[in-house]
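The following blocks contain the structures, represented as structure tokens.
Look for chain A in each of the two complexes below; its partner is chain B in the first and chain C in the second.
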Partner chain A sequence: MLDFLVFAVTMIAIWSVVALSLDLQFGLCGLVNFGQILPFALGAYGPAISAAHGGSISAGLALGLAMAAVGGVLVLAPVGRLSQDYWALVSLGASEIFRLLMVNVTPIAGGQDGTAVARVSNPLAALGLALGLLLAMLLLARRIDRSPLGRLMRVLREDDLLVATLGRNPFRVQALVTVVAWLMAALAGALYAHVVGFVAPSSFSVAETFIVWTALILGGAGSLLGAVVGTAFVQFISVSTRFLAAWSGLPFDLVANLRLGIFGVVLVLVFLLRREGLVPERKVRVDAVGP
Partner chain B sequence: MLSVRDVTVAFAGVRALDAVSLEARPGRILGLIGPNGSGKSTLLNVVAGAIAPDSGSVSIEAVPIPAGRPEEVAARGVARTFQIPRLARRLTVIQNMMVGRRDQPGENLLTLLFRPGASRRSERALVVDARAMLARLGLIHLADHAAGGLSGGQQKLLSMGMALMSDPPVLLLDEPAAGVNPVLVEQQIVFLKSLAAEGRTVLLIEHNMEMIADVCDDVVVLDAGTVIARGSPVDIRRNAQVMRSYLGETA
Partner chain C sequence: MLQILLNSIVYASEIAVIAVGISLAYSVVRFANFAHIQYAVLGGYFTYAARGLGLGFPVATAISAVLTGLVAIIVERLVFHPLRGLRPEAKMIASWGVALAFRSGVAAVFGGAARVFDVETDTYLLGDAVITSLDLAVVATTIAAMVVLQLLLYRTRIGTGLRALADNRDLAATRGIPPDRLTALMWFLAGAFAALGGTLFALETRLQPDMDLQILLPVFAAVTIGGLSSIAGAVAGACILSLAQNIAIGVDFGAVLSSRSWFLPSQFRDTIAVAAMVLVLCFRPRQLRSGGVR
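On to the complex of A and B.
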């Protein structure tokens, strides 16, 4: 039971970082990324590619981060300035292209069968790393959230022409947010790879993106704490149903599909009953100073 | 000096502006009037860099503006408002005001991470400035309200305030008085005169002839994309052709 809890909290911490990354993009800045699993996958494939070709752990980490930063700009660039609506489709497509590339080009990192990477064998060490990463990323996100940059991102969320009219380049803000957010998700992906000890394309399907979305919508888009709370709920269900399947003897496929069904119901309920999420976005206040 | 030279803009073959030229001087308010569809807002968009003209140019102090790049034109000191106010409706009034200021250290990620003190200092000064401007606009009591909850007239005042937060030498206003109650219009008139007195160049689109007559030093009349008259407000009132185009053929 304790093992299960340690594993569950580790996974919650890792996926919370991915949800925070999506929160920076969508919750604060209005960038609809339907391919959020891509930066996570790029971060995980850094170590995988490194391991498959005899590279070191740090080389793998560096590769993952570099791929995520470059990938973010590459995916954002063709959409062009002032047309973020198309980004949902472009990012969704990009994540699938990458996954299919990994499935079909075996020499990169083992194809469909995946690649083994060095595993953090002590579960408590893995837990510590995951919580440490989450804490660091929460502090970073909070610094941005409460800053003039966060305020500008919230204006961009509502009206990109207004941002341009006020003398800032909307595309530059979007590119900055994308690179920072994708690096965050890539760090989570790299840690995930070393915690699980194995990287295969099946872990990075479109469904994973929408599980992150479910967590963010449930927790409250625009709220950093909400991203973590939502992820805790969703990942706890996700992890425990896996154990439930093993324990109850129900077919694994059935339980997996039921799990997605539950997330769908959760989304519908949130939209009907509590649109702002469990932890609504803080109404940003400016302390009255001076006259 | 703001000067517009032979600006032509065509939308799908229709000439919205046809070789329009005008000059606006610091410390003066230039009124831009004309019937709906005469090209006033298009001209404002060209000056603000939101629309690149098919031919002609806009320059400030004899330096051409980067056409079609609104953020760079804004950085040259040209601020504008829109006919339908553009605001961040979910943010508070004071936050909208604060975002009006360009070049904030706290909008740079590296400054934010490694020199957070610089951002905090600039924020403290910015709040004071934003509150002073809100007081000048008569909106200070609404500072912590969501901008989207303001009345139409208050939103127009707020967007004017946002435009002024970077202390722009050139100000472009698109129908600030339309749909605004008479008390607020009076307030705007006083405010506009004070802006000109500070030495700013103001370009004002307005249908309210009373306001035009009261605040404008010069008036340019557009009709179907061409300038049909220019002069002082008094001259324009006397001009029969203008009154016809404004009030319709039967007048």
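On to the complex of A and C.
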């Protein structure tokens, strides 16, 4: 039981970082990334590709981070200043393409069956790493949130024309946010790979993206604490339905489907009943300084 | 070469019927409805269930279209209507919630296993190309559906009202067009077309809850290529996309470059779809057919 609790908290910490990354993109900057699983997958596939070809752990980490940074810019580039509908579709398409590529091209990292990577064998060490990463990322996100860049991101979220009239380049702000946020998610992905010890395409499906979205919307988009609270809540539902499946004897895939259904209903209900989420965004008041 | 063309037409038909519903909805309510894909899957299952009652294909498909249309209206009443004041992004995210709920519902009721429609098909030879009677029926149904939609939008008062609503909602409302009722009608049409398209898609392949992922990328790529809000654009997008996919998969690239035969593996179908979408977004910031349903 205790082992399981340690593992659950580790997973909550890792997925919280992914939700924080989405919060920077969507909550603060208004970027609708429907492929949020992609930077996480890129981060996890760095170690996997490295392991599959006999590279070291640090090489894998570096590869994952590099792929995420380049991937972010590549995915953002064709969309540029087009509306968010297109960005949503392109990011969704990119995440599916990457997954299909990993399924179909076996030499990269084992194809459908996946690859084993070095595993952090001590669960407490894994927990420490995950909590350390979450703390560091929370501090980074908080720093960005309260900086002039954070304010500019909020302006961009509300009105990109206004950003342009302030003499800033909206696309450059978006690109910067995307690279930083994707690096965060990639770090989480790399840690995930080493905690689980195994990387396969099935862990990075479209459904995972929307579990992160449910967590963020439930917690409160635009609030950093909200991303963590929402993730904890969603992972709690996830874990308890697993127990329910074992206890009630219902078929596993039925319960897995019902779990996704619950997330869908939660997502809709939050929009209908509590739009600002469990932890609403802090309203920022900025006074102009001096004459 | 003829075979590639034939395959493209059949695949484009399946995609186009689903895609026009997304464009129709986008032009009136201004957001990309991801739940639309689930309407198509649901429609396929409704047809399957109606077939199970011993009904013929045309009747079963009609019942499925009506039921799915009603489901779309219910979703509008329960979810999208209360959210109408929100930004398009919010509605788009909420539509994913609806999609997840539907997906799990379908999988829970019908199970995850694939089901196949029992159809007997005849095969015809056109030169060295093969076409089945099922293919012909799919294409004929699609053309008929498109003609009906076109007549409805351009030859009836309801159609004029819908197009006015798409053009300028406030102006249309002040001119006495009932926006809420027409929006409900629009959702009914979108749902019915999704059900028809989903049935055609399932006829050509298999019916299973995972079908949504096979439909999702090509349909949204087609709609995006066509400029999201234009129905004619969605059909054109479906044709362009289907042709690109079938050429990429059907042409022997190896023989062009060297003496060895080499085909692009067919698993890369969706990659072609997304690549076509990205290329269009890169080189054509203006839409293929701009504006709403005019």
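Convention: the second predicted complex is superposed on the first by the 276 of 291 C-alpha atoms of A that agree within 3 Å, B and C clash if a C-alpha of one lies under 4 Å from a C-alpha of the other, contacts with A are read in each partner's own complex, and residues count from 1 in each chain.
In the analysis below, contacts are C-beta pairs under 8 Å (C-beta built on N, C-alpha and C of every residue); 3 or more make two chains touch, one makes a residue touch a chain.
If you're wondering where the values come from, they're calculated on a predicted model, not measured in any experiment.
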Touching partner for A:L254 - first (chain B), second (chain C), both, neither: second
Under the stated touch criterion, name the partner, chain B or chain C, that contacts more residues in chain A. C
Taking the superposition on A as described, I'd like to know which of chain B and chain C A:I57 touches: first, second, both or neither. neither
Is A:A164 touching anything from chain B or chain C once the two structures are fitted on A? First, second, both or neither. first
First, second, both or neither for A:L244, with chain B first and chain C second: neither
With both complexes superposed on chain A, which partner does A:V206 reach: first (chain B), second (chain C), both or neither? second
Could you look at A:R143 and tell me whether it touches chain B, chain C, both or neither (first, second, both, neither)? first
Which partner does A:R154 contact after superposing on A: first (chain B), second (chain C), both, neither? first
Taking the two structures together, which residues of chain A meet both chain B and chain C? none
Taking the complex as given, what residues does chain A use to touch chain B? 140, 143-144, 147-149, 151-152, 154-155, 157-159, 161-170, 176, 180, 283-291
Would you mind writing out the residues of chain C in touch with chain A in their complex? 31-32, 79, 82-83, 86, 88-90, 92-94, 96-105, 107-108, 112, 209, 213, 216-217, 220-221, 224, 228, 265, 267-268, 270-271, 273-274, 277-278, 281-282, 285
Can you check the complex and tell me which residues of chain B touch chain A? 48, 50, 70-71, 74-75, 79-80, 82, 86-92, 94-96, 98-100, 102, 104-109, 112-113, 116, 119, 122-124, 127-128, 131-132, 143-144, 162, 166
Residues of chain A touching chain C in the complex: 26, 30, 32, 34, 78-80, 82, 84-86, 88-90, 92-94, 96-97, 100-101, 103-104, 206-207, 210, 213-214, 217, 253-254, 257-268, 271-272, 275
